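Chain naming follows the written order as A, B, C, D and E, and within any one chain the residues start at number 1.
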Amino acid sequence: MGKEYIEKRTVISPEGNPIEVDPLKDYFCDAAPKSCKSASGIIEKFANWARSESLWVLGFGTGCGAIEMRPLMTPRFDAYRFGIQWRPTPRQASVFVISGYLSVKTLKRVVRSYEQMQNPKFVVALGSCTINGGMYWDSYNTINRLDHYMPVDVYIAGCMPRPEALLAGFDKLKHIIREGRGEGANKYAENFDWYKGNQKKIIKDWDMPDYNW
Amino acid sequence: MVAPIYIIATLLGVAFALGLFGKKMNSMAGLLSVVALGFASFISLEWLAGFWLYDRAAEYIYTAGFKPPFSINLLMGKDEALFTSLINIAGFFGTVYLWDKLKKIGSNGYVTLMGMILGLNVIIMTRDLFNLFVFLEISSIATAGLIIFSQNLKTIAAGFKYMLATGIISGILLLGIIFMYYFTGTLNIDDFLAVHSLAVKGFGVAVFFVLISIVLELKPFPANGWGLDVYESADSGIAAMISAGTATASFFVMYKLLPLGTPQFHMVLAGIGLATFIGSNLMGLKQTNPNRLLGYSSIGQVGLLVTILGLSEFLGERTTFIAYSILISHFLAKAGLFWISGIVKRSEIKEWAVLRNNRLLLILFGVFIFTLIGFPPFPSFFGKWDLVLNMASNNQYFWIVGILIGSLLEGVYLFRWLGYALKLDNAEMPAFEVKWNKVLPIAVFGAATFVVGYFVSSIHPYAKIINYIPLAVALAFVLIDFLPVYVKNTLAILAMAYYYYYLYPTLSSFGAVFGAIFMVGGIVTLIAGYAFKGQRRGFYPFALMMFAGLIGLIEAKTTLGFFYAWEVMTVGSYFLIIRGKKSMPHALSYMLFSMGGAYLMLAGFAIASVGQFNLDMSTLSHVLVHPTWVFILLAVGFLTKTASLGLHIWLPGAHAEAETDVSPMVSAILLKAGVFGLVTLFLAMGDQLIGGDVSVIYLLGWLGAITAVMGNLMAAFQEDAKRLLAYSSVGVLGYILFGLSLMSHLGWLSAVSISVTHFMFKSLLFLAIGGVVWRVKTKEMYRMGGLIKRMPFSFFSVLIGIIVLAGLPPLSGFSGKWIFYNAVMAKEWYLQGALIFFSGMIAFLYTFRLIHSVFLGQLKDEHREVKEAPFWILVPQYMIIGVLLYFSAIPNSLLKPIGKIISPYFPTGGLEWTGQHAVSTYGYWNGLVIFYIVIAIFVTVLVWLIINNRKAQKVKQFNIVFAAERPFKPETSHYAYNFYAHYRKAIGILVEPKITGWWEGVAEWAHAMGDKFRKIYNGNGQSYLIHIMAFIVIIYLISFGGF
Amino acid sequence: MQLFSIEYISLVVGFLILLIGIWGILTRKNILKMVIGFSLFDTGTHIIIVALGYVRNKTAPILDQANLQTNTAQKIVDPVPQALVLTAIVIGLGVTALMLVYAMKLHNEKKTLNIEKYNDLKW
Amino acid sequence: MQTIIENLQKHFQVVSYHQQRENLGFLIASKEVAVGLITHLRDYEGFAHLVLLTAVDWIEDEHFQLTYLLHHPEKKVDLGVRVMISRENAEMYSIHHLWEQARTYQRELREMFGINFPGSPDVDKPFILEGWEEIPPYRRDFDTKEYSEKTYFPRPGRETHDPAEYMKKKLYPNE
Amino acid sequence: MGTIVTKILYALLTLFIVTNYGLILSGVVRKIGARVGRRHGIRFYQPYIDLIKNYTFRTRITHGIMYYIGPVFRLTGGIGLLLFLPVIYGSPVFDNFSFAGDLTFVLYFQFFGVLGMALGAGESGHPYSALGVSRGLAQTTAMELPLTLGVLALAVQYHTLNIHEIVAAQQGSILHWTLFTNPLAAIAMMLSFLAMMGRSPFDVVLAPQEIPIGPPTEYHSALLGVLQLNRAIFPAAKLILFMNLLFGGATNWGELVIKTFFIYMWSVFVGIAYPRFRVDQSVRWYFGIPLLIGVAAILVVKYF
């Protein structure tokens, strides 16, 4: 119910011929993601250094933890000095900060945004809610483990973690990237069916393609 | 030679003989009448031929064996022969037309008709005043008799009013006659003319009574309500007789008696005529009943003829030519129109769309309307030309203004009517019955308009040197209209190509440039015509007619030739424009603005001809009187065609609603006619000063700059793609006007080169957008979108088109802008120059909007399977693109020749070329190097990007970042409607349609005035009589009361 | 022309009748009355014609044996107006007759003779 | 407040009235009269503002309690109208024609409690939950913990304690 | 042949220097902005890292051919503008291709990239892209009017549209700068310059970092990298243009760096001090005082 927009429909062309439109197939690219080989040796190291020093964060406040991210930009914490800056669109961002609990409804948007980011991409998950559901662990609508739905590079524990903890988390992420372990995007592509299965298990009204390019 | 008395004898004899016929012999009676009228026509035509071909002398016919004043005498001269021919032919064909109706009435009908024609014949021939009275009465009794056969109450009431009025009028005539007799002792007109000079005091009053009653017979405004009612209610065949026959005869009486009047009375007469002409055409605006409309028009035309008579002192020996050419046009056209009305039998002009069911009648209808208004090649065109020219040479500008205003008003309702007939929906209207005997007279008269037109032009000293071959070729396409479109298209292209080949060696200077635009442009746009299927009836004659007119402009040696070509072009383009689905109102306003502009030009040419020995175009360079006015009139005339601000309101609709390949013809090519006119004018006349210190061209420069800004601004706010392009044409033409106004080498170089490139990019854009509209069946840009995926070739065309339009380097549009900047600097018109630059900025707004809203953004569901535009529409586009790219890389291939053409006129301040490197006083520019450098950088960057960006995943239209959501419909995700909302908020106040509103106000005011005036015709016969009496008193006071 | 001469009086009378006729045509609403006015107008005209052609102490321009021989031209009044008036009367008759036919037809259709009722066509 | 109630009792059958505070009272009306009563309160008594509409699941009594909380902007008093409706075939008359915003509350109640409001616009559209297939989650017979464990991959190792017991043990381990 | 090769090599040299200068300049300016806000701020070489990172993305998508070559147009516009300008006065090395076109050409050429980029953004199908373009174009038209008037006033003053000659006329003393010889034109042009640089209060076109709006919304990876390169080169080229026109040009790189830095700081100062205009507000603003100043500049040079 309420999903007419993904049902097949027939429109009339200017010449008067009926055209069948299948929204999911016609509007969206349905290619599956592929795991990308990393370059070899020093080039990849250099690239990883660049990636780690230029963390463009997707500005998407997913939960209550979003409020903890704002002070990061203030003179007191000033994340800019670490090469962290906010981008308004997933296309240009490389780090996705999941800031707090995720309801099923939010998860759907998160998955979409995550998939719209380009490889390599990194996920930083904030707070206990993303780890095990936190205080909402037995809620009918809040996920318990984020890593069942997308690869998570860094968990930052706390309810909520303070900005200092966040900075420490970002620092950890930098190390991970520099060591070449930030391959979440590839992991996602390789285990795509599993992740997709988990996602589809809880997102009942699935109105998007399997992979949002 | 058969003696003219046999006309009378035959008609009278047959009329009496018919009285003997019984009821059962109606066909027999009819046949006899037709034969009699045919014989009468033969006699008068024979005389006419005798006069014309063999120079016979006029012949008097004496009756009863005495000479006047003791008997009645008749005269058969050249004029009489002509007029009796007209009357008898009208009678002959009228009877054929009325065959069924008269048969129903019986022999009495024939008798009455014979009586009427007889009466009119005698009226024309007689030289005896009392005899004139008698036969006037006979013909009006006969007319009333014909009317009374109708069974319709309205008709009978109208007939009664007619009787009352003519009774009173002839009573007054009789009084006048008897007093004239009392004072002179004779009734013979020739004798009156002899004694006229020694008239006593009372004699003048007597003459006044005679003349005023003849004037009243001609139905002057406002004492003509009775005539209108008859026109409206009588059977169309009878109305045709009255309009063609009675009015013609009455006119001749006026002509005959004219020398009786004093010069003052002639002026009064002219005034009455003009008031009638303007008044009845003004009131005609509100008419919806076709017959009444024709009545108004008829009265108006007769008013014009009366004016001409009244002004005969000024017109001198040309009076006859002018009056006759207009009269014959009116005679043929009005009879034809009444007859058509009788076949159509619709009492609302909006229902005339039904006429489309019969192609022949529709064509004839158009022919008659154009004849009536005075378009070439019909006789009245030459009449009006001579009229205005002669009035100008006598400094009678007031009359010129009046006559032209009246003609324009007439054009309003006639063209509206034509538009209704051509365009309104006729789906649910039943076809009407067409009988051969009804069509035959109309067809004969229709053909006669051409024959007479040719004849008239052949006796006109200047008209006969015009080259009519292109027009004839265009008209010949009417005959092969049944052929399939590809045959006609090929023929048309061949004809154009051959003519260009033939013309090419003779072209020089600006003629060569504009000749190339007109002819090559025509051929290129005609190629798109192959995309059409079927027959495409009615396209080729008019397309070729338009091109014939354009060619004529270049070929024109005389101002008459120029004006002729201008009008031919207008006719052709009118029919091209009205072909569009919703273009009826736009075609009307196009026509009216064109007419208005043409009349200004006519006036300008007329003033320019004063004191000249001939009408050569070169006379414009040494205009003797009012050169400033000539300049302004001609300039404004041309500016109507180039759609400058204030005169632009016809353009957007006309160009936008036209068909795919018509839009480029009218927008990219036709507008250049105005530019060519301006070029010719500026070269011939140079600058003019108003009041000694304000330069007209300076003002035109400002006008051009403001037009450029406003045209572009309005383009930016359009939702309709073709309308956007149309407004863009307004803007670019403003540019060109500005460039020409600079009156310097560079200014002209930029204007002429923009003229050429505008032809190319606007054809390109109109064809490309037209091709898209062809497929997606809408012109609203926001209904399209994402079509780049479906129509990549069209997209590329539009891309090139807008880059050239916006004047972005490295493509050739920039050359115009660059030259232009230098020209502005040299001329020191900085503020105007800044405006022009600003308008160029606004061009970015609408060009981006055009390409984005149509080709980029979200593809709509309905358009998922649209095909690329038809092949034959793409072909000319890519031809143009090829040339554009060539001009971009090698700019001097275009600019050098134009520079050479300009140099003789503006020798200093040109460009210095070293290869492709151009240097002006202020700056420099090397198109080729820029082209190479930009391409080199572009390729390098592209390669760099491709190296870095391999294997990109192709995605579909909804794979966009949508704030973590997804788009639901393409419609809601396509930002296109009101694209510049914020801009509108900021400066939208500039583009409120104030000018359109002003023109609408003018139109409304004219209609309201017409409506107000016509209320005097309250339908009461008695009021009409009061009008007549009051008219007499007022005219008497004006003539004799000294005011 | 002398005051109170027969031709003057008839001229004045003729004009009076003519004016009465015009007055009738312009003011009466009844069609028949208008036709009568028209007749008066005609008659007035005719009287004027005759009056203008009258020459004192001369006879009617009827050529008989008696006056055919001597100075006919001096004895008769101007014959042309006489001839004209005859024609005019005939024509006037014709016109009046036709008007009456019209009046009849109009009355048959609308059962009224008021001219103001016949204004279906206007403007 | 009292006068309002007295007025009301003239027109409507008010089951009980309970004054909680000086400016807050609750009354219980039957399902049939409730809408008329609320309309009356809005149009004649001046309770112009619908503060909220909510429900309580009295599973033991087998009914839902709907609470319409109305506010009187001039007198600054609130009046709650309670309506008991059966859990079986839970249905109530819609009041979206009185307050436009009521439709949102009713959509929420429809989704969370499964209380139907026939005629309320969009009442069947998903409100917060997208594609919910179980029994409505706010009904007390829906076991969220069981559902969560079944659905959301609970991370193993999580221990749950009774807070009072746990803290006592932790703070006073010796007792 | 040899001259062409040297020309190309010289052009590459200029390009290299200006690209680096542009990148560092943007980093430094952001650093200064941070310091003003009592922050430590980014590292001055951060733009390099961002640039490299964008080129090292492993996946990318494309919405179609125009989307793909839109950034190419953009960067071609930027590089072209730079190479058609005389960068260092009197230096044959850094004169590049300024022999090909004069000031008019340069003023028009800057739209080459803008239009191409707008088309590319349009093909992405994102409504915000089109919205950003529509805002940008509208603001540009308004901004160009005072600029044009100023340029015309300059051309009148120096009787040329040749940038070389304009620079040459300003040599000798600081008082020969157009800024002092023709202050009205300079003011008009510097006001237009604000919107040209796209900083606050005229930055609603991109609305950086706040709402996902503006033409580059859909651009990423190497496509974004190309745009970033352009964002280093294009403003630098514009700075050089203004320096040549108003501030006496530069005879060496040091002078160029100092002058352009201060010209840039003008827009930075204004940007920090003033909040953002809506598009209709900025359009109206440009039709107000700046336009009047421009007209006054014209009148002054014409009649005095």
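The working rule: a contact is a pair of C-beta atoms (placed from the backbone, for glycine too) under 8 Å apart; a residue touches a chain by one contact, two chains touch by 3 or more.
Composition by chain, UniProt nomenclature: C = Cation:proton antiporter; D = NADH:ubiquinone oxidoreductase 30kDa subunit domain-containing protein; E = NADH dehydrogenase.
If you're wondering where the values come from, they're calculated on a predicted model, not measured in any experiment.
Novice: Going only through chains that touch each other, what is the minimum step count from chain B to chain D?
Specialist: Step count on the best path from chain B to chain D: 2.
Novice: Could you tell me between which two chains the number of C-beta pairs in contact is largest?
Specialist: Counting C-beta pairs in contact per chain pair, the top pair is B-E.
Novice: Which chain's mean C-alpha position is nearest the mean C-alpha position of the whole protein set?
Specialist: Chain B is the most central one.
Novice: Tell me which chain's centre, taken as the mean of its C-alpha atoms, is farthest from chain D.
Specialist: C
Novice: Where the CA atoms of chain B average out and where those of chain C (Cation:proton antiporter) average out, how many Å apart are those spots?
Specialist: Comparing mean C-alpha positions, chain C (Cation:proton antiporter) is 50 Å from chain B.
Novice: Cα centroid separation between chain A and chain E (NADH dehydrogenase), in whole Å?
Specialist: Chain centres of chain A and chain E (NADH dehydrogenase), defined by C-alpha means, are spaced 36 Å apart.
Novice: If you average the CA atoms of chain C (Cation:proton antiporter) and of chain D, how far apart do the two points sit, in angstrom?
Specialist: One centre to the other, that is 107 Å.
Novice: Where the centres are mean C-alpha positions, what is the separation of chain A from chain B, in Å?
Specialist: 70
Novice: Two-or-more-chain contact residues of chain B, please, as numbers and ranges.
Specialist: Answer for chain B, listing residues that touch two or more other chains: 953-955, 957-959, 961.
Novice: Got a list of which chains touch which?
Specialist: Here the touching pairs of chains are A-B, A-D, A-E, B-C, B-E.
Novice: Under the definition above, what is the set of chain B residues touching chain C (Cation:proton antiporter) in their complex?
Specialist: Residues in contact with chain C (Cation:proton antiporter): 130, 134, 137-138, 141, 144-145, 148, 153-154, 156-161, 163-164, 167-168, 171, 174-175, 177-179, 181-182, 187, 225, 228-229, 232-233, 286, 292, 1014-1015, 1017-1022, 1025-1026, 1029.
Novice: Show me the residue ranges of chain A that touch chain B in the complex, using the header's touch definition.
Specialist: It comes out as residues 5, 9, 11-15, 17, 19, 21, 26-29, 31, 60, 89-91, 109-110, 112-113, 116, 207-208, 212-213.
Novice: Quick one: which bits of chain E (NADH dehydrogenase) touch chain B in the complex? Just the residue numbers, please.
Specialist: Per the stated touch rule, the residues are 55, 59-66, 68-69, 71-73, 75-76, 79-80, 83-84, 97, 99-105, 108-109, 111-112, 115, 118-119, 122-128, 130-131, 133-135, 137-138, 140-142, 144-145, 148-149, 152-153, 155-156, 159-162, 212, 217-218, 221-223, 225-226, 278-281, 283-284, 287, 294-295, 298, 302.
Novice: Per the contact definition, I'd like the list of chain B residues that touch chain A in the complex.
Specialist: For chain B paired with chain A, touching residues are 775-778, 861-866, 953-959, 961, 964-970.
Novice: Sort out for me which residues of chain B touch chain E (NADH dehydrogenase) in the complex.
Specialist: Counting only chain B, the residues touching chain E (NADH dehydrogenase) are 786, 788-789, 792, 795, 799, 803, 806-810, 814, 817-818, 821-822, 824-825, 828, 830-831, 833-834, 837-838, 841-842, 844-845, 847-849, 851-852, 855-858, 922-926, 929-930, 933-934, 937-938, 941-942, 944-945, 948-949, 951-955, 957-963, 973-976, 979-980, 982-983, 985-987.
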